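Shared between the two complexes below is chain A, which pairs with chain B and chain C, respectively.
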Partner chain A sequence: MKIVGITACVAGIAHTYIAREKLIKAAEKAGHAIHLETQGTIGTEYELTGEQIAEADLVVLAVDIKIKGKERFAGKKMIEVPTEVAIHSSNALLKKLEEIAKK
Partner chain B sequence: MVDIANILNENLIQLNMQARTKEEAIQELTECLYKEGYVSNPTVFIQDVYLRESEGKTGLGQHIAIPHGKSDAVQVTSIAFGRTENKLAWETPDDEPVQVVILFAVRNADTATLHLKLLAQVAMALADDDTLARLLVTKDKSEVIRLLSQRM
Partner chain C sequence: MKSLELRKHAMTGISYMIPYVCAAGMLMVIGNIFGGHTITDYRAGFSVPDALTTLGGDGLGLLPVFISTFIAYSIADRPGLAPGFLLGLLCKANGFGFLGGLLTGYLGGWVVNYLKRVIRVPAFAEGLVPQMILPLLATILVGIFMEYVVGLPIIALTDGISTLLMSLQGGTSILVLGVILGILSSIDYGGPINKVVFVFVLSLMTQGIGAPIATLISASMIAPFGLTMGYFLSRVLHKNIYSTQEVNALKSAFLMGCCQITEGSYPIILNDLVRITICTGAGAAVDGALTMYWDCASTVPAGGFFALAGISHPELWVTSLLIGSAVFAVLLQFLKRTPLADSDEPETEKELNLDSIKISG
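Moving on, here comes the complex of A and B:
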């Protein structure tokens, strides 16, 4: 499965980056390819490319705030959760993504 | 130079905090930052830390919390690391008490600076469960620095 997504938290200082790392670890463990963009105080990093988005089966947004560029994912299967879920339940979240992708 | 020394040194690491509460822990670590000259006004800084606390949990689980304050009272964006034998009540996703507190102090004027990138890299290091487990037990300040800088 190919996953893209965005992480972004209220302060944009810490949780954004922890959530990204946790999701990447969980996805790799489950054998999925994942690309995650961060939108934090330092701005957008790891910006998703059009190709990454086009190839993705699924979009995961681990966000606590309104994010930029959501329209890039129009027509894609998408799940949105708070960063806390990505940080604390990353493996369970991955299972949920797998279920959604099958539907 | 991309180096954790820009934001953390051994003077900012307390392996035996006296704090018995969340408030005391934030106070104790703020004192460290004040002594190093990184925070100019502890009262104002602590108010800004609590502003962030009001916006959501800063407990990460596994007995670790990362309160942070973006504040005019911060002179140098930096972090202070504290650990205590005491079990601090804290808002955490696993409802477990906290024993390691990593306080992020962020200068209000900072946007795309090196210091903020370093903070993000420290945050990334905290996504690793083995790292969190070591932070709870190590007796060596240089290991704390090494663990927190492993993504740099």
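Moving on, here comes the complex of A and C:
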């Protein structure tokens, strides 16, 4: 499965990046390709390319705040969770994503 | 009905606000350290510290505008910015303060979203909707509501407080006055109630009665100091009541608190407004009673620790601040909600909270 997504937390300096790492780790463990963009206080980093988005089967948003560029995912199945879920339950979240993608 | 997502919008606003508050607050702190004063007439000449203090102060004064703008933006996207900004200015002008700015942010955003759905115009006028009609109408509607519905009780409240304070001036026990001054100065974190008290105690100061203003300065510092002391107390007790984000915010909150700037504490206070405000009220009540009882009089109207030079019995003034903060800190241990545990335990995964997942598309 190919996944893209965005992480963004309130302070935009720590949890944004922890959530990204946890999700990437969990996705790789489960054998999925994942690309995650961060929208921290510094601005957008690891920006998703059009190609990555076009190829993705699923969009995961681990965000506590309003994010930019949601319209890029129009028509895709989108799952939104708070960053803490991505941080504390990344593997369980990945399983859930697999279920959702199958539906 | 779609959930209102109150928390998410407030958090988005705060997320934008944190760098703003840090920059403005630190400008003021640095300016104050080097003896800066607020500039009233730029042509009369000023020093660099004066410029820093003034810019920082102006910046913090515009906080209602900033938070209102970005909450409205979070709710209504671009069309929310203009009404959010204008309504924030209304809050600043009326002295509705930061909490007023929060309110106009929500109202402005929702009204824009509602208008977006219901307004239908002929094709030739479609461009006018986002450019003029949405921001104008939303600002008028929420503006009228703020002035005549929200504003009236606030005016009644502030009038009532003035009358109360006047009536307390003669006769009443100094302790009661201290308790009331302490609570009123602190519980709205520099909002309209605090401003009324400030006007009242400032007029007393000009008449040579300096203890009430010293009480106000001290009570305004209770929130940042109490939060700081509460943090260390929680560490000593091995209670985990601060999230990592809050600990980060606490550093600048404390520094700004030293200069009697409460705004740095907002990111923490707003996570748990009611409970923390109970702590603030209790701490400030004790603090107010003590400063009045010990008759710590100030000849300086503001400045936190930088006012110390103008306060009589400075050691007692600091003592009462510390005791008040300690009351806050102890109460906080019981009241503050425990945040979700922090992140770095790799293999102990929490059960997935299915309610928190939103699926679309």
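One rule holds in what follows: the second predicted complex is superposed on the first by the 103 of 103 C-alpha atoms of A that agree within 3 Å, B and C clash if a C-alpha of one lies under 4 Å from a C-alpha of the other, contacts with A are read in each partner's own complex, and residues count from 1 in each chain.
Please note the rule applied: a contact is a pair of C-beta atoms (placed from the backbone, for glycine too) under 8 Å apart; a residue touches a chain by one contact, two chains touch by 3 or more.
In this text the structure is predicted, and so the values were computed from the model without any measurement.
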{"item": "Chain A as common anchor, with chain B and chain C clashing or fitting", "value": "clash"}
{"item": "Touched partner set for A:66, first chain B, second chain C, both or neither", "value": "second"}
{"item": "Comparing the two partners chain B and chain C, which touches a greater set of residues in chain A", "value": "C"}
{"item": "Touched partner set for A:88, first chain B, second chain C, both or neither", "value": "both"}
{"item": "Chain B versus chain C as contact partner of A:79, first or second or both or neither", "value": "second"}
{"item": "First, second, both or neither for A:32, with chain B first and chain C second", "value": "neither"}
{"item": "Contacts of A:43 with chain B and chain C, given as first, second, both or neither", "value": "first"}
{"item": "First (chain B), second (chain C), both or neither touched by A:17", "value": "first"}
{"item": "Stretch of chain B, among 21-29, 75-83 or 111-119, that runs into chain C once the two complexes are superposed", "value": "21-29"}
{"item": "Shared contact residues on chain A - chain B and chain C", "value": "9-11, 13-15, 18, 22, 41, 64, 84, 87-88"}
{"item": "Chain C residues within the chain A interface of the complex", "value": "8-9, 11-12, 14-15, 18-19, 73-74, 244-245, 248-249, 267, 340-341, 343, 349-354, 356-361"}
{"item": "Contact set on chain B toward chain A in their complex", "value": "52, 55-57, 60-61, 66, 68, 70, 93-94, 104, 106, 110-113, 116-117, 119-124, 126-128"}
{"item": "Complex contact set, residues of chain A against chain C", "value": "9-15, 18, 22, 41, 59, 64-66, 73, 75-82, 84-85, 87-93, 96, 100"}
{"item": "For the chain A and chain B complex, residues of the former touching the latter", "value": "9-11, 13-18, 20-22, 25, 38, 40-43, 45, 64, 84, 87-88"}
